[in-house]
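To start, the structure under review is shown below, and the notes come after it.
As written, the chain order gives the labels A, B, C and D, with residue 1 at the start of each chain.
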Amino acid sequence: MDDIGRSKRAERAFSLDDVAIMPTRRTRAMETVDLEWKCDAITFSFPLLAAPMDSVMSPRTAIEFGRLGGLGVLNLEGLWTRYEDPLPVLEELAGMGADAGVTARLQEIYAAPIRAELITERLRQIREADVPVAGALSPQNAQEFAEVIEGVGCDFFVIRGTAVSAQHVARDHEPLDLAKFIHEMEVPVIVGGCATYQTALHLMRTGAAGVLVGFGGAAMSTNAQTLGIEVPMATAISDAAEARRDYLDESGGRYVHVIADGSMGYCGDVVKALACGADAAMLGTPLARATDAPGKGWHWGPEAWHQSLPRGRRVHMEQVGSLAEIIAGPSHSPDGEMNFAGALRRALATTGYTDVKSFQRIDLIIR
Amino acid sequence: MDDIGRSKRAERAFSLDDVAIMPTRRTRAMETVDLEWKCDAITFSFPLLAAPMDSVMSPRTAIEFGRLGGLGVLNLEGLWTRYEDPLPVLEELAGMGADAGVTARLQEIYAAPIRAELITERLRQIREADVPVAGALSPQNAQEFAEVIEGVGCDFFVIRGTAVSAQHVARDHEPLDLAKFIHEMEVPVIVGGCATYQTALHLMRTGAAGVLVGFGGAAMSTNAQTLGIEVPMATAISDAAEARRDYLDESGGRYVHVIADGSMGYCGDVVKALACGADAAMLGTPLARATDAPGKGWHWGPEAWHQSLPRGRRVHMEQVGSLAEIIAGPSHSPDGEMNFAGALRRALATTGYTDVKSFQRIDLIIR
Amino acid sequence: MDDIGRSKRAERAFSLDDVAIMPTRRTRAMETVDLEWKCDAITFSFPLLAAPMDSVMSPRTAIEFGRLGGLGVLNLEGLWTRYEDPLPVLEELAGMGADAGVTARLQEIYAAPIRAELITERLRQIREADVPVAGALSPQNAQEFAEVIEGVGCDFFVIRGTAVSAQHVARDHEPLDLAKFIHEMEVPVIVGGCATYQTALHLMRTGAAGVLVGFGGAAMSTNAQTLGIEVPMATAISDAAEARRDYLDESGGRYVHVIADGSMGYCGDVVKALACGADAAMLGTPLARATDAPGKGWHWGPEAWHQSLPRGRRVHMEQVGSLAEIIAGPSHSPDGEMNFAGALRRALATTGYTDVKSFQRIDLIIR
Amino acid sequence: MDDIGRSKRAERAFSLDDVAIMPTRRTRAMETVDLEWKCDAITFSFPLLAAPMDSVMSPRTAIEFGRLGGLGVLNLEGLWTRYEDPLPVLEELAGMGADAGVTARLQEIYAAPIRAELITERLRQIREADVPVAGALSPQNAQEFAEVIEGVGCDFFVIRGTAVSAQHVARDHEPLDLAKFIHEMEVPVIVGGCATYQTALHLMRTGAAGVLVGFGGAAMSTNAQTLGIEVPMATAISDAAEARRDYLDESGGRYVHVIADGSMGYCGDVVKALACGADAAMLGTPLARATDAPGKGWHWGPEAWHQSLPRGRRVHMEQVGSLAEIIAGPSHSPDGEMNFAGALRRALATTGYTDVKSFQRIDLIIR
């Protein structure tokens, strides 16, 4: 704890950029590393989720991501559930460039209502492709569309907001009781973002299968500039990992997955997130670099179109390769933007670890 | 305390950029947050003041700012009290661009004398609009024009300088005795800038209603480069908040408002200033971005035209929206430049606080 | 140790940029400084090695570097052992500029097989010039070509990889037993990169004559971005120097040389590396600036052409002078890019040290 | 002390940029501040010296600087003592722009021999103008031209080198015995650069009237990049100030002036140097911005033309005003580049100090 002045003390928090992994005295061959991630009933080839963002996930790319071995999560309050045919809208946005008026246009486009029947249709399309199915809503919309989602039979339901707490106070309406809601859902729920030990612990107690660690995301987020609120990820993950450990003991053995969400633009960031204690990572920016991403070279999140206080930019992304190449390689870029699974495997091999669980114990340095 | 070398020790001081707010385990609905700020006899809709700078406040924009619910402060030693009609001067400056000769021209323009009858006229104009009236002078001019100001019947008189101390030593003239001066003024006085616990405490003892924390301001100030003097705001606010607490006890209950002044270019900076202990924030740069600001896309402070040692730049500002949109939204910018009141409300809601006073207790992190 | 969060602690590690040398109270004349470096049977004029990179070392430049008084190390799995005549390949690469497709083209070029007879031919060419002979292979290829190398009669055999550990685990094949391998080699072996005290100590115990400290190198490496792994050099060298001291005691007097490898772009970096405890430094980037370097103004390392996960860029280098001028001066550049031996001599003279061994004791500061 | 690794510890050192001055609870009127600096027999109007650099000091500008009230020091091994008429040389250099070949041309130009009769002529010219006379030589040339300098009757003789120690070891020649040399000189000697407590103390013991603190200077120096040696000025000055205090006691009352030399590009830097404990400051860069400086918009030091290892750049300077305006104002620049004496006076007034000696006690913060 440092003194900020005479009336305030604060602890330093660390971003993923602030830390790094030092090599150890062991190395392993690549083929001796096991990247499998088991969450609830499903085993994935690697511990990666695709973020529910319209620039990244469409039914088509969610299917593609599932076939590659990860969990693609569709945004259920985005273009695909507001528009019968969102392709012209995506086309229009891709053509807009970096105009100053983009935020206002996004606000208009996302003012269209969410349609229950489109939620059903999009999720069913993914289910028919025989890959794991997951959709995301914000806490505000979770209750309203819960039955619709259960009707389709998802593998995971993701409740994702900038800050999701187990204790929300409202005046005009009954707030969402997460514990009750999750208990009644038949589908396993992943919930977040959370940023502290206390919130992570509370969310774990709601019965969630996993918690998302972060605060409204990635490089395009301007929450720090707009709200003064910021979640240095290395510290947040490390805190949530401690909550996982404490809850495991408290619950007599329930292991809730800690999923890092955002602030991971390059392969190395994912490696560091796992080293800080995460079980898996939810990717946005890296997938927006895919030539076949719906954003067509542009990337934005739900905060970009908030009606009265937008807190995210729509940014241009260099397209580096196909979604398949970005996840599974081979890479033809020297910049850590391709072959995320390969980079993860190599990082574990280079430091002598067999799996992610044991890799969480590796020593970090502060740069 | 760190050793600078064998003969000097120093403590680290923190700017608002050095700190951030971490989410808590609680969230609240927006409508449960109360932003009201009560200062002396007046209740404002939000704890924001507009800085007495010619690029920001004219009688017209002071009225507009008051109608929105804040306190606009007119510079009483600027263009509006030196020129019968300052509009051609503002026009000329807007047309000058970033010429090297701007400083010299500003020095000429501001060499015109301050006219008492113009002080009266400008303040009366604001009073007639039925909004709170406040005008600012530097300590050097406070005594001379005090009666004029009392004659108009201001709600607040602001004594604002780069460094205002309760203990000023002079040789050729009797220095301003602040305690005596404030005691004799009928109008409540807000006084600053101050930057340390000791100065804040001394200024509170003069009987001021509020103290401004800062050292000659914003992004355009070059005091650090010119004088080597710098006031990292997070530390300065935290120190002044401690002085407020100690003076509250010492005085048997007089609450002197701590007003952060300068170094807050974005919504998030204001949020952080309150989190550090400020009761309110005085804005310059954010308002200079208004399409209807007198500066017409340019921003400068009193230090820009000092006759022998100018210590501030005149800088170009991107115009992002009307004064009303900048304060009350809605925002169409993702960059935290619009909807300051909304951002403040949302920051409190997101971290579960009902009002600014309780929000001052929130934990900070060092980034 | 700082807390990264509740479940992780980390120590700060320092790069060469983070530290600097303070002048002492002594100075010496240049001619009283002795830069000689004795390693195994050979005495070099200065403690500098040239890195086995195709943009830096060809048989011709290895000979030139040896004549100047240092140890040039040829890459034995690069262009010179994959192509009968690599000059057209180097020519093609020099003509490619900064195209996005360069990585893919490098992957193709380096997919050509390594030919044993070319290893023999290249090393023999250097031997015939009567300068010290040294060639480098990665651990993967060391075993296969060991006999070829012994057949030529090298002075040093360098086993160089991104991370070389004494304890490598594999499944499908018997991993290289470094201790056994080195014991059986007739040629003294220099092995690395290593980055920690433990790995350095283990590598010393294998019987190596020297250990390379680093992790896949220089400015062009993207290991940090791709794998999250990073080796701040000042700390790594200081750790390896401690291993050298401990092993010296443990072995009853065997002195294993600590050779800093990478992250040294300017003369001052080499000086700092020695001040941190290194006995010698292996240079890449500085030599790529030579007008007579094979890279012809471009620089890349083995990681730039990895087939599935390239982790290094090919970067443009400003050509500042001949290899001879870069090493032995005189310099006509003010930027610390020329006269490496002269700068080293001057640094020791300016701080009053007679030789590198005693200079290793100099005090550092943190900038 | 922090661990750099297992075998090295280091202390953090601070540059002037790392620190700042916080306002105090007192302010003073400008006219109550006394800037006089007494050194040996002479009282200057302000504690500023002009650095012996050819881009800054000619006989003409040394006279002008003296008339303004400071001490101009002429470089006695520069163009004015190597060339009968250096004006064409200065003209040629001004015309060269930022060519890569400038370093080589400087090396040629400064290869011309130093002529004793020109030393006499230049110093006599300054003496005739009835201002304090000071000339500078490097330790290498001090002995050879000492008699010449004494013959003219200087007020101060400055021995200035990158690193001047009281203990220099040489083999081929008897090194300069500073104590003996200074004892025998009739002219008071100012000597440096020194950078540590020990060296400062040793130089004080030689009988010097003042010590220069620094390591070969200003923004254009590349010593850090070339030699790895760096002198963060705040720490170096603070250390030398402690040596002054200890030597004052040890010598029974001899006060040796600590003169900060270099790294002070703006007024605020000089203020900070005094706050760290300096008695005076030697300026280079600020004076090179004068419209009437000999460098005509270019600035370089003796290190720029070293024959085998140049360690300084020749850089372009924006010309902001006359030498008189830069020192005594008025300023028309907002950037702290003009009115150095005025800025110094204002900094003391703003923080409530009457003179430099008491100002040395002011508290610093770490930014």
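Note that in this section a contact is a pair of C-beta atoms (placed from the backbone, for glycine too) under 8 Å apart; a residue touches a chain by one contact, two chains touch by 3 or more.
From a predicted model like this one, the values you see are computed outputs, not experimental measurements.
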{"item": "Third chains touching both chain D and chain C", "value": "none"}
{"item": "Those chains which touch chain C and also touch chain B", "value": "A, D"}
{"item": "Self-contact between copies chain A and chain B, residue sets same or different by half", "value": "different"}
{"item": "Taking each chain's C-alpha mean as its centre, the one farthest from chain A", "value": "D"}
{"item": "Mean-CA-position distance for chain D and chain A (Å)", "value": "57"}
{"item": "Distance from chain D to chain B - Cα centre to Cα centre, in angstrom", "value": "40"}
{"item": "Residues of chain A whose C-beta touches two or more other chains", "value": "11-13, 235"}
{"item": "Each pair of chains that touches, named by its two labels", "value": "A-B, A-C, B-D, C-D"}
{"item": "Contacting residues of chain C [partner chain D, same complex]", "value": "11-14, 19-29, 31-32, 197, 234-239, 241-243, 245, 266-272, 275-277, 329-336, 339, 342-343, 346-347, 350-352, 363-367"}
{"item": "Touching residues (chain side chain A, partner chain B) in the complex", "value": "2-8, 10-13, 15, 101, 103-104, 107, 162-173, 175, 194-196, 198-199, 202, 215, 222-232, 235, 303-304, 307-314"}
